[in-house]
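The same chain A turns up in both complexes below, where it pairs with chain B and then with chain C.
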Partner chain A sequence: MANYQQLSLNHLSFTYQHDRNPVLDDLTVSVPLNRIIGIIGNHHAGKTTLCRVLAGIVPQIISGKLTGDCQIGDQSPVRDWPAYNQQTGFVLQDPHSQLSGLADTVADEIAFDLLNHGVKETDIQQRVTTVAAQLQLTAQLQQSPDSLSGGQLQRLAIATAIVTHPNVLILDDPTSEMDPQGRRDFFNWLKTVTHTTIVIVSNEIDELCETADELWILEKGHLVSHGTPLQVMNHLNPEWQVTTPMVYQLARLMNWPLAIKPTLFPVTLNQLRRCVNVNHSNQ
Partner chain B sequence: MDIRNHSLQKTVRLHWYNVIDPVTKLLLALFLTLLSFQLTDLYFEVGLVLISLTLLLLSRLSVATLHAVSFSLFLIATMILIQGLFNSHNTHPLVTILSITLYQEGVLYALNMGTRILIIIFSIGFFMNTTTISENATYLESVGMPYNQVYLLMSVCYILPQIQQNLNKIQFAEKARGINLQRTLIQKLQSLLPIMIPLIIKTFDQSINRSITLQLRGFNSPERTIATPMYHYFKPKFNHYFLVFMIMILIGVKLWQIISNFL
Partner chain C sequence: MSIIQISDLRYQYPASDFQLSINQLSIADSLVAIVGQNGAGKSTLFKLLTGLIQPQKGEININQQNLARLTPEERLRTIGIIFQDPSSQLFNATVEKEVAWSLSQLESDAELIQATIKKALASVGLTKLKDQNPFDLSLPEKKLLTIATVLAINPQIYLFDEPMMSLDWPSQRLVTVLIQHLAQTGHQVIAITHDMDWVAATFPKMVALAAGNVVFEGVPTNFFSCPEPVKKAGLLPPRIMTIAQEVFNDHQVYLTPQDYAEKHLVH
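Entry: the complex of A and B
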């Protein structure tokens, strides 16, 4: 019997049309809803394609051969796409492509999604203001989207995705053009989001380990590891060539394992702090 | 703070051309163009050039329009030279410079063609400079055009500026690396040729991505709230009917002239 309280992939494979090799190969995993799932992997691992499957872009808009099943809560991006799409926010890798091109100002660009969802004009104003404040775009509301920097454009792309209060938020490398402060602010904001299942592809392994509840590692279309950041980072295969967080590298160097599980090394600052305290009290 | 409703009027001063709706501007451009093709008298043509130039000067002049005008003036000068020298109806000499004679018939023909080109550029320039793509989209939707058709129309309008934008980026990057100096026209053309195909592919790729995004953002949702126009336009329906009527008359006259040639 299907569990409607989780995101589950069941033997999911996908091959693009005119391609021979599958980009995603036999992915099976399940995670409870309303968690943050971080996806990592090297080039051509299938991260963007997995995001596209989760958003329903493939096979609804980009065609190809999809086998297996993908279920998010009681809906499937494959079977009930129009209804599912209403509850999903998606941020593309290239923030320029996220823009409608039909808005003169940042405020109008954010409001575009709300107009599409049939939200009343009186509510639109309030929701646009709130989202702009969350993503530090208030000063840019009256500017043209074309005048924004790369980082601001990425924040705008995120704003357009979250303004409709989606149940599922899929973020494909949303911080690639942000400066370090902007990146930190974004991940701090991400921690505050509730009642939303978030799937995020990112190369920011330190922030991802701090934020994500679950990490998935993709390697040439295969899901080679999944679990909490602590589990995943402590059981890496060198062949996957995945970078480890600074905290983990430092802890290994200093030989500061977790007190409760001495075989594992910390991957977050909080875990590291506890290890350091234990080590100090032992000395 | 009113951040969205008629946001443009709040931040930017209203101009006279803001009270003319986009369709009226487009019909006006079409009317002036058709009228220029209907008229044969050079004085009337010059009058039309002045009218369309006044419209353009009283609106916003963009660099793109100035480029288009300077390029068309170069074309017109070339036309005058070629027609003045080689038009098959040349009989009456107009001026002789260094034993080269320009003839009246050819020069008049070229001037007639030139004024038409200028009228088209000035009137379309007036439309382009005073109307944004979003204003067009909002207006068309508000008058009952289905949004997906509006978007299709706007996407077509978008392709050329997008190609221009991508071209500028590539050329800027090339110049920054010192490999595209573009000192002469030949160098400019030579630098353009190798990047034409990637440029077009990139632009289409962006268009596909944009269409994916729009579907994800639910632009064709049946629940969509119809956008309200950005400005309060002056008698749009009357203007449309009047201009369409005038255009129909011009087309009718032209058709009658063609038919009467066969009678």
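Entry: the complex of A and C
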């Protein structure tokens, strides 16, 4: 009996049409809906391909052989496309390639999908204004998308993905071209998003540990680790060549383990705060 | 070791209010980071340093030679740039040909060219991919390839525009080691970066730009010790400082977790 309250992969494998080896190899995992799932791994790990599967791009648009299953809530991107597509937003690795190219202004670009969804004109205006404010694009609304910087383009791509209020949001390295402040603002915004299942690929390990409920590590197409950031970061295999958040590095150097579980070291500021308080009061 | 001297430099793009304006800047260290917000003028400075654009006023001297008077060949041997977006720099049919291209503008000895290509590809770990099309490579691999094309020329000065961007962790470590090695072997490395943790851990000297002007030049410890110029340049301090501030209300300068531990652990 399928569980409609989770995102689950069941022996999911995928091989691109002209490749011999699978890019994703037998992934099985499940997470309750409306969580933030961070995906990390080095290149050729399969992160982008997994995003494409979750977004339904693979195998609908880019073909190949998919086996096993992928289910998000009561729908599958494989079996229930295009209904699934209607409730899913995604941001590709390269923001330039996902804009319509038809809009003269940032406002029109954000409105593009709403028009396609048949939303009323007055509602469109209001939604565009709200989303632009959330992603700090208000000043750019009347500019051409071509005039934006890389970081602004990424924010525009995110705006176009969320303006339709999707239940599922797939973000493939959405902050790669943002400056540090832009990146911090993005992750702070991400924490405020509710009622949405978010899958985010990123190299920002510190921010992911602060934000994600669940971390998955992919290595050469295999899911080698999954769990809370605390569990995953405390049980790394050096062969995966994954970095750790700075909070964890500091806690290891200073020998500040968690008070409640002294075999584990903190990975978030709040965890660090708690264990430092305990360590200090014991001295 | 090279010395870059910039004096009275002005550059303005046509149809833009932005002006890069540097009165005096001397870059004489082997490892220098250039930091600043998007639009601060960092990439414009790099374009001026490579002669891709010409200043409207002022000049750039490298080892007391005016950059504008160097021949194309001299310029290639003096200064090499690794762009932020590797695709803008790649156009050959194979990885090997890509590395050979610029080199063959300077060298005619086929054996020397082959040996140099081999060495350059090995130092970025791309030997196995030498027959592939550059456009089939992953983004980190493309970036490493653009580094190899410049390594093959072996200029005195290397300009890296956001080298850490879109690299995975093993490639970041590789590039950091490579940059340190270049600096230790008599080259000058200047890198534009947004990554303050990387600056703090790797660069002894830095220059900060804001709105087309130099707002700081010196050692990172001094830059991060006063919040004003950091804020003015639109930057954040290294994460270890944020941790110390937020968890311990400690406002001292720390560059890395190791730096913090050294200052606090009683040996």
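Throughout what follows, the second predicted complex is superposed on the first by the 283 of 283 C-alpha atoms of A that agree within 3 Å, B and C clash if a C-alpha of one lies under 4 Å from a C-alpha of the other, contacts with A are read in each partner's own complex, and residues count from 1 in each chain.
The working rule: a residue touches a chain if its C-beta (ideal position, glycine included) is under 8 Å from a C-beta of that chain, and two chains touch if they have at least 3 such contacts.
This structure is a prediction, so every number in the text was calculated from the model and none was measured.
Look at A:87: by the touch rule set out above, it reaches neither chain B nor chain C.
After overlaying the two complexes on the shared chain, residue contacts for A:136 are found with neither chain B nor chain C. More chain A residues lie in contact with B than with the other chain of the pair chain B and chain C. Touch criterion not met for A:6: it reaches neither chain B nor chain C.
By the touch criterion defined above, A:97 reaches chain B but does not reach chain C.
Of the two partner chains placed by the overlay, only chain C lies in contact with A:273; chain B stays clear of it. Overlaid on A, the two complexes show chain B and chain C touching no common residue of chain A. Interface residues of chain C facing chain A in the complex, by the touch rule stated above, are 37-39, 138-141, 165-166, 168-171, 194-197, 234-236, 239-240, 243, 246-248, 257-258, 260-261, 264-265. Those residues of chain B lying in contact with chain A across their complex are 1-5, 7-8, 11, 132-135, 137, 151, 154, 158, 206, 209-210, 212-219, 221, 223-225, 227-228.
Considering their complex, residues 55, 57, 61-62, 85-86, 88, 90, 92, 94, 96-105, 107-108, 111-121, 124-125, 128-129, 132, 141-142, 160 of chain A touch chain B.
Across the complex, chain C is touched by residues 41-44, 93, 149-151, 173, 176-177, 179-181, 184, 203, 206, 241-243, 246-247, 249-250, 253-254, 269, 272-273, 276 of chain A.
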